[in-house]
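Both of the next two complexes hold chain A, though its partner changes from chain B to chain C.
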Partner chain A sequence: MNAVVTAQRLPVISLQDVSFSYEGGIEALKRVSLRVAKGEKVAVVGGNGSGKTTLAKHLNGLLKPSSGKVLIGGQDSSRTSVATLARTVGYVFQNPDYQLFCTSVEEEVRFGPHSMGLGRDDESALVERSMKLMGIGHLREQSPISLSLGDRRKVAIASVLATSPEVFVLDEPTTGLDTVESAQLMATLDVLRSEGMTVVLITHEMRLVAQHMDRVIAMSEGSVAFDTEVEEAFSDSDRLRRCKLLAPPITVLAQRLRAQGALSKGAATPLQLVEQVVRVRGERR
Partner chain B sequence: MTRFNDLYSEADTFLHRLDPRVKMASVLMLSLLAFIMSSLAYLLVLLTFIFILLLLARSSYRKTAFAMKFVLRFMALIAILWPLFDPSGTPVLIRLGPVVITEPGIWRGLTSAIRVGCLATVWYILIFTTSQRDLVRGLVKLGLRFDFGLALAIALRYFPAFGTVMDSIIDAQRSRGMEFEKGNIFARARKYVAVLGPAIVSALKTADMLALAMQSRAYGARRNRTYLRELRMRLSDYVALATVLAMFVVPAVAKYVLSVPI
Partner chain C sequence: MRAFELTKTRVRYRGSDILALCDVSVGVDEGEIVLLLGSNNAGKSTFCRLLNGLVPHSIPAQVDGAVEVLGRDVSKTSVARLATLVGMVFQEPESQLFCMSVEEEVAFGPENIAIPRAEIISRVEWALGVVGLSGYNARPPSNLSGGEKQRLAIAAALSMRPRLLVLDEPAYALDPAGRTDLYALLRTLRERYGMTIIIAERDAEELTELCDRVILLRSGRVVADGAPSEVLSRIDEMVVAGVSPPQIAHLSALLADRFPGKTRPFFTMGGAEKEIADLVRTSGGDAP
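And then the complex of A and B:
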């Protein structure tokens, strides 16, 4: 998704000149302005302490800006309760153990829609759908805290998904998941996106960003270092290094092949690289 | 709300340099002294002395303000509520239905408020001028088992971290639509189950991991412990201890042996 295209579409989240300081004066966000449009898949990346989580906590009103304005679904976050904003933005915390307290997985997933006062039928439909999407239906009777980290993370994600938000913010959701579980989670996010949900992913895993996201917002020292589509994001290795980031191996390989004249364009995913190679071979024949 | 990891303020004052055992004994004696005294005038003298010590402790302004805000509010609360609930004595100053306010009630309220002020401030001075490490070392030197001392030190060290975990859990539940501010006191208390559950699980997991990490670093392999810095009483420690002891013993003897009203 091109940033220009995003600017033209109706934003579901809009940050206008937002600054934020924690108590003690640490300025964690410095005049950040951005818009996230409905249906986008946005990755927020950057080194530790760059302001990623602080930015994400502004997206559902957990943190209110020290100056500037955050609009979530048209509502000013400074004047709206987190509970109200939770209907628009679902936030999955990095540590699933901060969320889980019910005696069974099903009860845990039901907690969100039940808090929102949905009817019993709607509630059950959302619970079943969320558990199915996350592949945890077989765990419904089990106690969440007795599960493995990977399964606890799936329960935490399903419990937020069950609130049926328009925007889904996930803070490093693949931590503790094995390769297959990570791939399943990203495939689930692809499904949600295809249904029109907006996904904001905070992550250090550039491979996942390259393969599954449309747009990259890179944070550095509390500011937006760059905000661009994925292919362009990984094209400038110096800029990435300044933001304490590294391009995924496929992108680096494509860049080196391109530098030697073997490719005409870069590539962010294995599929794009194969397409490039096939195209160049076709042209040379 | 402002939160501090530790109220201890690093500084080089005579209070900081005192042996932690002397400081603990002095705080205990000054606290008992506040209970012994029942005269408002003498309690005011004690409070003034304790406030001078507070100034000499040179704690950071923010930490002092944070602590004293609670002390002063609590003192004001006692001074206001005491006369309302203690109508004994004469003369009666105000009579409003069941509420009777007497002059002795007001004096007793002021006396109790200043006594509480002395108690709280003197303990804050101990915390401002003694690091957690020195406090535990002092307790171990006074006979506390090392294991218990270590457990106390770890608990004190993890306390702020636990506060941060609680904040994160509250944020996580608020993100799922929970409104802690709504409902009556029982409804609100019920909502905190969603915070206490994960908090207890998190604390137990941390304790378990910490125990394993300590065992894997050979904790408990040697029975006889040695210390890098041994606590040794110096002349200044003996002088300070003797001064506070005199401050405690003289009024105690005056009141309980000589029956002087202080």
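And then the complex of A and C:
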């Protein structure tokens, strides 16, 4: 699907000419304009310090633009409380320790839905489902800060998930997770997405982007360097390099094989590439 | 000379009934670049902490078997003494940063071992330069982005010019170009200073060409130890150990399964390209 066309449908998030400077004068966002439509799966990528986390904190009103406008579910973020915006956008911090403060895992996960004043039953259902999706039910009694990085990360994700946001923004959620856990998280995001949730994933893991995301927004020095659908994002290696990015090996290999006419389509995983080879051999027979 | 030698080493943290490392025997020569690969709880961080004496000197644990680093028995060498030989980048860099400015953070180590002022200044500039943080000198570390903090933690270890450099998941928060830059830097450090380098990671994707050797850990045990092209091609073993195989090596194995006898194993992008082009060109006669 064309990213630009999708974004014109029903934007849940809209940034118009947003600039932002931290105290001390670092201009971390420079005239950023973008729209995210309901149900999109968007990756935000780019070099260290390019403004991804700063951008993410604008999506839920934690930071307010120095100039320009941020609309979240139609509400101007500069005039709406963070608590209200949190009903629309859930944000999982890059560092889970900035987010965890309760004495038990269950209490942590319950905090968000509880403060939103849902009924007791709804609240418990959301808490249980989030803990189940993140596979942390067995940790419910434990203190979050005593856990390994990977488990703290999962608790942080579950506690935001439990507020059942329309838009789920995750800032490098796979750091601290191992391969199996990252794959599980990505599968969970796919499920949530199929239920209509909008997913914004900030990550340095290009393999996950190639496999799971539809649209890629690349940040560079505070500006949007490009905003395209995923295949196109990985097609221009010079542009990627300027943005401190690299396409995953299989994506590059598939591109090379297509260029020499050996394959007719791209591939994002080794298995997809094998299937391509099987198909092409079948056709040539 | 040996950079370090673990002989039948076992580690059990105080209060735990799990062996974090179990009968690990590994010897590494000076100048080697070694990848320590394993999933969560495999024992990577424990292995790293043995090398700078943090285990057992600062984190109480029972350590059986010998641990020798640059000819010294770690059990009889202080953490302070080991810090002059072994540089460490910790897994969660934020926990490692405590100074008021980027510059102080990088100067901290060398100041503690009484390096002359002029030398410290030049090392700080060098270390900030190689990690891409030139000009960040006066910034408070707490205000850096995640990846910038990671880069600072690496610079702080480099300014000590250690003989043995241990990096516990250094790619953690780095952008993709930053990872390749780091690996190129590590190679230069080995060439220029003969540094021995140990990198713990749960993913080998971009490391296939950097390291001389890969040690695969699973539940505290060494399950494979050899050349990257050998260990990283053992796909089943990697999957059992919970780490994802490099994509190209994985592809090679999948193709060999799907087209038995028709492909030769490959490990590089170039090798893959040639092999698959041949496979497509010679279509015909496949079992369905």
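Going forward, the second predicted complex is superposed on the first by the 271 of 285 C-alpha atoms of A that agree within 3 Å, B and C clash if a C-alpha of one lies under 4 Å from a C-alpha of the other, contacts with A are read in each partner's own complex, and residues count from 1 in each chain.
Here is the rule we go by: contacts are C-beta pairs under 8 Å (C-beta built on N, C-alpha and C of every residue); 3 or more make two chains touch, one makes a residue touch a chain.
Keep in mind that this is a model prediction, so the values were computed, not measured.
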| item | value |
| --- | --- |
| First (chain B), second (chain C), both or neither touched by A:R284 | second |
| Touched partner set for A:V160, first chain B, second chain C, both or neither | first |
| More chain A residues in contact - chain B or chain C | C |
| Partner chain(s) touched by A:R87 [first = chain B, second = chain C, both, neither] | first |
| Touched partner set for A:Q99, first chain B, second chain C, both or neither | first |
| First (chain B), second (chain C), both or neither touched by A:S115 | first |
| Touching partner for A:I145 - first (chain B), second (chain C), both, neither | first |
| Which superposed partner A:L62 touches (first chain B, second chain C, both, neither) | first |
| Chain B versus chain C as contact partner of A:S194, first or second or both or neither | neither |
| Shared chain A surface residues [contacts with chain B and with chain C] | 95, 97 |
| Complex interface listing, chain A residues touching chain B | 23, 57, 60, 62, 81-83, 86-87, 90-91, 93, 95, 97-101, 111-112, 115-116, 145, 159-160, 163 |
| Chain A contact footprint on chain C (complex, rising order) | 39-41, 91-92, 94, 132, 143-148, 150-151, 172-180, 202-203, 205, 242-244, 246-248, 250-251, 254-255, 258, 269, 272-273, 276-277, 279-281, 283-286 |
| List of chain A residues in touch with chain C within their complex | 22, 24, 46-50, 53, 94-95, 97, 148-150, 172, 175, 177-181, 204, 206-207, 241, 244-246, 248-250, 252-253, 256-257, 260, 262-263, 269-271, 273-274, 277-278, 280-282, 284-285 |
| Chain A-touching residues of chain B, taken from the complex the two chains share | 2-3, 165, 168-169, 171-179, 193-195, 197-198, 201-202, 205 |
